[in-house]
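Listed after this line are the structures, all set down as structure tokens.
Consider the two complexes below, in which chain A is the common component and chain B and chain C are the respective partners.
Here is the complex of A and B:
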């Protein structure tokens, strides 16, 4: 049904015009940060360390992409951080260091992510609970459930096979040196995300976020589109958890604060909260910028505790700049 | 202009109190079957103490949400306020008044900052207050590893622990603040303007409301409430605690209480009385679970489910009202 709509209605096709203005600010910030990094730590930009940086950033970039789907459709997903934590703890307990269980558990985690997304989506769209409350409730439920299930301390362990995704890399690649598996996973999924946003689904999603009423009237099943967005976010969290668990191991802090990190990244990438505007590439670049910023702070010896202060300042600055640009553009019309 | 929102708010209020009554009755039965008594003196007192802290933050949150905004920085304002209070007092009663003044000044400053970011720079409230919250979090994480300062003994004795019968002084403070906020919303021009701005900013502007000023004021009031909650928590703990706000989930729980109380997250509809109901509901659930010694983690699961379920019930009622 939505296929027809995408083809017939002029509205959705007009919306996702990727004006250079949309991506320009984030690309500019990224460029400035790269220059700053190059001045301080030229080695960082050499292929091997750059590759492993990109690999380490893969989870948050994926989370940003997942969050983008939800945000552009006009909702929020505050449950992804707790979902990542839950996934990591569940994986450790189920695998219990037994390599043969790796693949079944990976599939289970993906299913788990999809189900959490489905529940978030259905509660938000069918029961009309604001997504802020739905996903906040889900946050409390997941954190509580995972502690309950593991009696307050993570149990079991991840198998080496499982950890491979987040840790290992193709060694001795010409020119690039080391290409982390995580980076390949990221590239594949990012491509899929871009393709998805260029397909009818993407247009429908943006139309829904821009004006749900109009979308509804033009025959889009708003609830279904939004629910799919939540499922995509849950799936992104599952993949991020697999990579993060592999990279940094099992803890109850695995996903702490990632929801705000992802939302920050999305907004930094020029996506408007409330839906309907911004691109998935922008969201992913936003996440990359944020990670680069943290790396830069390390190089400049900023204490870890001050990280959030700088993060806060940067968000405010970035959003203020784009907001004033937007309002001046509105003024011209 | 003012009649409709007030009326609708009036209709929304009973819901949460019905839920509260039902919760208390069911809780009372469950606890009795378990061999205890729900509303004995110690439980009631601790229930009201919990409600006082969350309630103060919730009242402030109600004001900004009514105006169509939001404040995610309150948890950090609470933590910061406990520290400013305890460090300024440094255990001496003489410094009590300046300390309270300083806390209120600092929190009003944060609120002003939030308000200006939201109105003048037009940053989405979610991001603006999240950003300010992160700024404060960085300051707290960087400067403090644990409790610091000492609260003045007289404050601990009065606001912290003194009570009238089973009612703690802090709960009376909440009642007073709620009364003031109710008066502000229903009897003053500012309140009517605030609800108008939350209901439809465009219409409010066209009818001569200075939207920006109203919203900035709401943000300042919200932070002041968080500052008061900080003073209260400092009086309970006897010291400043850098993580008391975020660990208490005051940001998210206060929003949950507001929404449970029937205030629309989009603004323009609701009121503080409902919020107090929401706060009491959350505190009662807490008290019941403590009484029957439910696992702390299970408590959190149930809490999440209850928040979602309660809001779903509201949403259904709202839908039916629209249809009818």
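Here is the complex of A and C:
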């Protein structure tokens, strides 16, 4: 049944083509940025610094992948930034610098992420609350709960074992120099995401985002598919929190603004807000492109304060482009 | 439908963009005070030459009072009469707190609570209101406390200029007002309690960093947020020292006191300039994150200043850093309670009440390192003799 729906339109993951959801534009932007970086700071492209750049970018790429599942199904998840912060603060307090608590806490964080995603998903699909209200509510709940629980300042500490994922690397690797653990985590999870999108689930997810009514009539349980998308987003946030907490240590702003970063990355990667178009690879490349753009801005001495401005402009532009295309497409019908 | 949803979503995103980075202390997101490579820029409007000279002189002054209780000591006392506030106890003491939003304030507030407990025979009630880092809330808090029968009001202002009228209004009711930590632009409180202050702190760190690095080297200055007097004066004193030493201040960035943001900023500067020869910061809470940025980039850690937070002292010792820790001691949270009780007893107190501000250096580092206390604890808490030590601070 679901394959039938998927077959109605060529899947975006198959071939890069110049249309909404295609990979070509993002690959082109990425290539241009790489050339600009190479001109300004050739050292940046040397294996060691490139590897550490990829390692540092791993959390936002994972968040973009998580956000992709939700957006392509026609919803939004604004709660991931606060979820990341909550996870880091909870991890620090529970681990309290005791290495033996690392693994239980890692499992707990993954469960915490999944439960937040489940709640987001069920409220959105079963109670029919629009997802940007649901997840905005979740955002505020998590911010408030963390503040209340910690009195406004983080307590405890993360163990070195915990921080290893976000901070350490395999050293002395031939050619590459060093390979950050975060990069390996990213590669494994990115592969899983691609496999998932090529399986029946991925086709169903896109069908649900493209036209939930048709999907419903074809026998797809739309609410279940969307809820799973939210759970995947929550899990991605949990992994990102483990990497980010590892990278920078206990922080009350570990996740501040990450929801925008992820959503910007997703739309930059050619995924249409509103659902149904775009690939998970595009979303992840979008995140990589955004990080590269920020690195380039840094090399040119552009103030970090402009990052949110750039993100806002990208979101507006992407929505405008997709809205124009959609209206022209509707005209054709 | 989809179009309007997308539009609504974009609107939500944009409006949320404002609050995502919303932290208790709203400050510019990045730099701005001085563009990259533009040197130290204009002097802060908070800079007052006479105060600067005075504070630097105080660094060498000998305090009066018990040597083993620095929170009761005073540098160059100027006693004021408090007979009009004399009253029979036990008292109700009220405290309007700017925030509890960082470990320094957490340690300080616990110390204050323990001091209240130690003095419980004289205090029948202690009311604490947390403004959560918001000026407007603190103005409302102070107004609210004025109607609650307090015998004395302690204020730790969130920001200097905005809170001044609220403190003046409190003074006007005839209540003894005690301001501590950050200041206000009025002399109406009975006393203003703080250590030597920002100029002293900023100067000690900047002198150390500029002397230990190569002449003309590149310094990165990390600040928390603009607009708070103790922080503005720290930077303005550092600016004087850096200009005098002719170092190249390549960046002045605001970190919001957050380690994640700090590590990213330092990392960006290492990438942009290849090397950084010195790091100065107006508060040491994020010193560890700055040090880690160098470690993770495989670079030697340049001369740096931190604070008396134990995670930094531990790292300093372990990695044998070239470091110094000017302090802004958390023991000052004990003093307002002591001052309130003295004022209500009609005893003279000093205004301003300047507390000593010790510096931790290579020589005395070991005496402040306590591995049994948590990493975010502050060594200079003066709390070891208080009820509940050490559990209360763990």
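Following the convention adopted for this analysis, the second predicted complex is superposed on the first by the 288 of 333 C-alpha atoms of A that agree within 3 Å, B and C clash if a C-alpha of one lies under 4 Å from a C-alpha of the other, contacts with A are read in each partner's own complex, and residues count from 1 in each chain.
In this section, contacts are C-beta pairs under 8 Å (C-beta built on N, C-alpha and C of every residue); 3 or more make two chains touch, one makes a residue touch a chain.
All values derive from a computational prediction rather than experimental measurement.
K.L.:
In this superposed model, does chain C or chain B come into contact with more residues of chain A?
P.N.:
Answer, by number of touched residues of chain A: C.
K.L.:
Determine, under the contact definition given at the top, whether A:167 touches first (chain B), second (chain C), both, or neither.
P.N.:
second
K.L.:
Pick one for A:301: touches chain B only (first), chain C only (second), both, or neither.
P.N.:
second
K.L.:
Classify the contacts of A:214 with the two partner chains as first (chain B alone), second (chain C alone), both, or neither.
P.N.:
Once the two structures are laid over each other on A, A:214 reaches no partner at all.
K.L.:
Please indicate which partner A:244 is in contact with in the superposed arrangement: first for chain B, second for chain C, both, or neither.
P.N.:
second
K.L.:
Mind working out whether A:253 is in touch with chain B, chain C, both or neither, as first, second, both or neither?
P.N.:
In the superposed model, A:253 contacts chain C only, not chain B.
K.L.:
First (chain B), second (chain C), both or neither: which does A:49 touch?
P.N.:
The answer is second: A:49 touches chain C but not chain B.
K.L.:
Which partner chains sit in contact with A:319 here, chain B, chain C, both or neither? Use first/second/both/neither.
P.N.:
The answer is both, since A:319 touches chain B and chain C.
K.L.:
Which of the two partners, first being chain B and second being chain C, lies in contact with A:157: first, second, both, or neither?
P.N.:
In the superposition, A:157 contacts chain C only.
K.L.:
Using the superposition on chain A as set up above, list the residues of chain A that contact both chain B and chain C.
P.N.:
76, 130, 132, 136, 139, 147, 152, 260, 263, 273-274, 303, 305-308, 311-312, 315-316, 319, 323, 326-327
K.L.:
If we count contacts the way the header does, which residues on chain A are in touch with chain B in the complex?
P.N.:
76, 123, 127-130, 132-134, 136-145, 147-148, 152, 260, 263-264, 267, 272-274, 303, 305-313, 315-316, 319-320, 323-324, 326-327
K.L.:
Spell out the part of chain C that touches chain A in their complex, as residue ranges.
P.N.:
Touch list, chain C to chain A: 2-3, 5-10, 12-14, 16-17, 20-21, 23-24, 28-32, 35-37, 99-103, 105-106, 130, 132-133, 253, 256, 258-265, 267-268, 271-272, 274, 288-289, 292, 296-298, 311, 374-376.
K.L.:
Flag every residue of chain A that touches chain C in the complex, lowest number first.
P.N.:
Listed in rising order, the residues are 41, 43-44, 48-49, 52, 56, 74, 76, 78, 81, 96-97, 130, 132, 136, 139, 147, 151-157, 167, 244, 247-254, 256-257, 259-260, 263, 273-275, 295, 298-299, 301, 303-308, 311-312, 315-316, 319, 322-323, 326-327.
K.L.:
For chain B, which residues count as touching chain A in their complex?
P.N.:
On the chain B side, the touching residues are 117, 121-124, 126-128, 130-139, 141-142, 252, 255-256, 259, 265, 295-305, 307-308, 311-312, 315-316, 318-319.
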